[in-house]
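The data blocks that follow each hold one structure.
Look at the two complexes coming up: subunit A is in both, with subunit B in one and subunit C in the other.
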Partner chain A sequence: MKCQKCRDKAVIKIARANAKYCAACFNAFFVSQVRRGLEREKMASRSDKILIAVSGGKDSLALWHVLSRLGYETAGLHIDLGIGEYSASSRRYVELFAERENLEVYSYSLKEAYKMGILELAGETDRSACSACGTVKRYLFNKVASDKGFPVLATGHNLDDEAARLLGNLLRWQDAYLEKQSPVLESEEGFVKKVKPLYRLSEQETAAYAFLNGIPYVIEECPMSVDAPMLVYKKALNLIEHQSPGTKHQFYLEFLEKRKKEPDRFLPKDKKDGRVCQECGQPTTSQICGFCKLMNKPSFTGRPAAS
Partner chain B sequence: MKVILHHPKRSAEITGPKKVSQILKELDILPETVLVILLTGEKSELITEEASLSDQDTIEIRPVISGGYG
Partner chain C sequence: MKCQKCRDKAVIKIARANAKYCAACFNAFFVSQVRRGLEREKMASRSDKILIAVSGGKDSLALWHVLSRLGYETAGLHIDLGIGEYSASSRRYVELFAERENLEVYSYSLKEAYKMGILELAGETDRSACSACGTVKRYLFNKVASDKGFPVLATGHNLDDEAARLLGNLLRWQDAYLEKQSPVLESEEGFVKKVKPLYRLSEQETAAYAFLNGIPYVIEECPMSVDAPMLVYKKALNLIEHQSPGTKHQFYLEFLEKRKKEPDRFLPKDKKDGRVCQECGQPTTSQICGFCKLMNKPSFTGRPAAS
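After this line comes the complex of A and B, so read on.
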């Protein structure tokens, strides 16, 4: 199979685009898609310092690599979730990448700060591990970005993540979440701007980019996500994608286009005003933020501020 | 040929010659959900569904699907 651009040996076929690329032309395609997303959605200006949430997986490390190559000033933020060897291994990949690329990384350990990791936290509450993890990450990402003076926080969410999330929200008719499902959330009332520059690229493409650029990453799946609904939605979408290439792309990107044309259609009817959490002073829509509700359990030993 | 699989990490023997697409079908794996990597000594390279493999080859089928947070 030949690369459609240069006729060199192809290493990847992208069925949704009916394209075949060699390593060099695939890299060019990948970077152009990230650049297109950044510019089209006005994600960051050249002077913005970007804090990148890095898990040690393929998506976030590929994102960090490509944004650095595009000339953005970046630093990484890694949250060690305290999930045994999985978290230890993830942290090693982040630190290895940061050292190799001479980039700054802020590491934050949940166990060191709160004496318990996600496993114990989920066990203490009625929340699933993935739900507790989401609350903790969203809170700490925003707090650290804000405290360290980063105007933009970037995450490695890709097209598969966003399409699966959209499917999940639609299957349950969670209209209120549709307004917030965007590659860009502008800063407001204590929340820094959040961007997802990989939203145009599939999970396979981010994995290929990491592999082709020699970026080691954690391959093992998080042991807590085995039965996660997101994985079920992804499986369903991949079955459809296999039969009808381009479906995921069309599903998510058409949703974004429709919302741009008809923004009122996706506004929640009972939108809550922004407030400040009475416990920690971070932004929230209720008296106590989701993070403090999660952490305020009698058995917890302390709540030092994230820094 | 030797096929290295993940989740959990294990290996399988498959008789060649075969195309990558046939191997994936045999293992009931959708091509969109993995990278297929040909391991040759210290080097390794990404290969497409059309690549033909012989009994002497070793490949890694690496899953790309991840995530529970969202």
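After this line comes the complex of A and C, so read on.
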């Protein structure tokens, strides 16, 4: 198997593109796909400082690696969710990478700040761990980026993540999410701009990039996510991708094209206006934001806590 | 496990409805779902004669059984595709059922009419067997129904078929198919009305109905369909259904509701006008219909044959 660019020995085959690459040419392909995403979706200007949400997994560390190679000024943000050895290990990989690459990282421990990790928080409310985790991360990502003066927050979501999410939104016809699902969400009313520069690259490709660039990362999936619907959507799409390589790519990228051409088609009929949380001042669509509802745990019963 | 209706011993569990039924109550449930589909979608009036496309499999024979139990005047139409023992066996099951139930069946043999079966036909053109089969069946179903004076043609497509087809259409964003995918297609310009009364019932449920009513049917899948994309879509949806019972139901039935409320959302942007085939006079969107293109095999190269 030879690299189709330089005829050197190929180390990876990308079925959807019917392409084979050596390590150097694969890296070039990977970086060009990230650059294309950044430019096509106008994710960041050269002078924008980018805060990268890093979990310690392959996607977010590969993203941080590429963006700093591309010359962006970056820092990492890691939320330690307090899920036993998994979180401890994730944090170590983030700190190891930051030290090795001489990059700044903000570490934020839920247990230190709130005296409880995500499991205890979920246990004290009527939320699943994944749901509570989503609320906490969305909130803290935005808050830290705002507070530290980063105009752009980047996450490591890849093509598999986005295609699985799109599938879930379509299976349940979640119009409000279909409108919002995008590799770039512009800043508005207290929200910083959010971007997903890996949206054109598959999970297999980000894993290969991390491996070929010697980036150590936490390999285990979060122990809480074993039964997460997203994992089942990914498995289902992988079944189809295996028989028809390129399906995920076509599914997600054509959705983005269609929505650009026909935005009305994906507009929810009952859109809520943006407001400011009465407790913390962060943006929300109701009186109290999801994070404060979650944190007001003793009184949280689905109704906003008394203020 | 007890039947939730009569407390007799239950024989089937329907996860999506969290329901358990004995044989008699399951039959009542099944028939009520067919009746609801017929009424809600205005599929046929009591006086309409219904031609049922019967392959010899569980779905089409279960459909024929229910519709004749519901008092509709029906006849079967079987196309013998000439696929070796599979087709011979399918035909025997259809004729056995018709004889036992004292119902009329029209059998149509491709080999007798055209001196070749679907495999030879596909081999002599550049079409896959499944694609040629689809063209031949669509054409002959409509032609026989028209010629014999049936205002309605019914097929045995079930919820799994329709959900898998919807998934395939969404994965490739096939707008023209999204508009047309419906449990009822009204008659227009040479096309008889086409209905799918089993669209609310899963494959598991039609198999149970056939079993519980002692309907013998051909169990093997068509040997040509082993690699068909539809089977992979079904597998993928079954993975998701297993974890979240009810997903297929919600996915397909909500799609139908959405399209009723927002028809513009699913209208293709480049709709073709209906015409009449210059060779056979049947309806088509181009000069020569797909069936005649296929049958003009020696000259068929993707262009219409010279007329």
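Assume the second predicted complex is superposed on the first by the 298 of 307 C-alpha atoms of A that agree within 3 Å, B and C clash if a C-alpha of one lies under 4 Å from a C-alpha of the other, contacts with A are read in each partner's own complex, and residues count from 1 in each chain.
One rule holds in what follows: contacts are C-beta pairs under 8 Å (C-beta built on N, C-alpha and C of every residue); 3 or more make two chains touch, one makes a residue touch a chain.
Because the structure is predicted, anything quoted here is derived from the model rather than measured.
A.B. asks: Mind telling me which of the two, subunit B or subunit C, contacts the most residues of subunit A?
C.D. replies: Ranking subunit B and subunit C by residues of subunit A touched puts B first.
A.B. asks: Touching A:Phe255, do we find subunit B (first), subunit C (second), both, or neither?
C.D. replies: After superposition on chain A, A:Phe255 lies in contact with subunit C alone.
A.B. asks: Go through the superposed model and pick first if A:Ala208 touches only subunit B, second if only subunit C, both, or neither.
C.D. replies: Touch status of A:Ala208: first partner only.
A.B. asks: For A:Trp173, decide between first (touching subunit B), second (touching subunit C), both and neither.
C.D. replies: second
A.B. asks: Given the touch rule stated above, what does A:Gln243 touch, subunit B (first), subunit C (second), both, or neither?
C.D. replies: Touch partner of A:Gln243: subunit C, not subunit B.
A.B. asks: Counting only touches as set out at the top, which of subunit B and subunit C does A:Met224 meet: first, second, both, neither?
C.D. replies: In the superposition, A:Met224 touches subunit B alone.
A.B. asks: Given the touch rule stated above, what does A:Cys133 touch, subunit B (first), subunit C (second), both, or neither?
C.D. replies: Only subunit B is touched by A:Cys133; subunit C is not.
A.B. asks: Could you look at A:Ala10 and tell me whether it touches subunit B, subunit C, both or neither (first, second, both, neither)?
C.D. replies: A:Ala10: touches subunit B, not subunit C.
A.B. asks: Give me the intersection of subunit A's contacts with subunit B and its contacts with subunit C, in residue numbers.
C.D. replies: Touching subunit B in the first complex and subunit C in the second, residues 235, 239 of subunit A appear in both lists.
A.B. asks: Contact residues on subunit B for subunit A in the complex?
C.D. replies: 6-7, 30-35, 37, 45-51, 62-70
A.B. asks: Note which residues of subunit C are touching subunit A in the complex, please.
C.D. replies: 170-173, 227, 229, 232-233, 235-237, 239-240, 243-244, 247, 250-251, 254-255, 258, 265
A.B. asks: Given the complex with subunit B, which residues does subunit A contribute to the contact?
C.D. replies: Contacts found on subunit A: 1, 10-13, 15, 20, 23, 57-59, 129-130, 133-134, 137, 157, 160-161, 164-165, 168, 202-204, 206-208, 211-212, 219-222, 224-225, 228, 230-231, 234-235, 238-239, 241-242.
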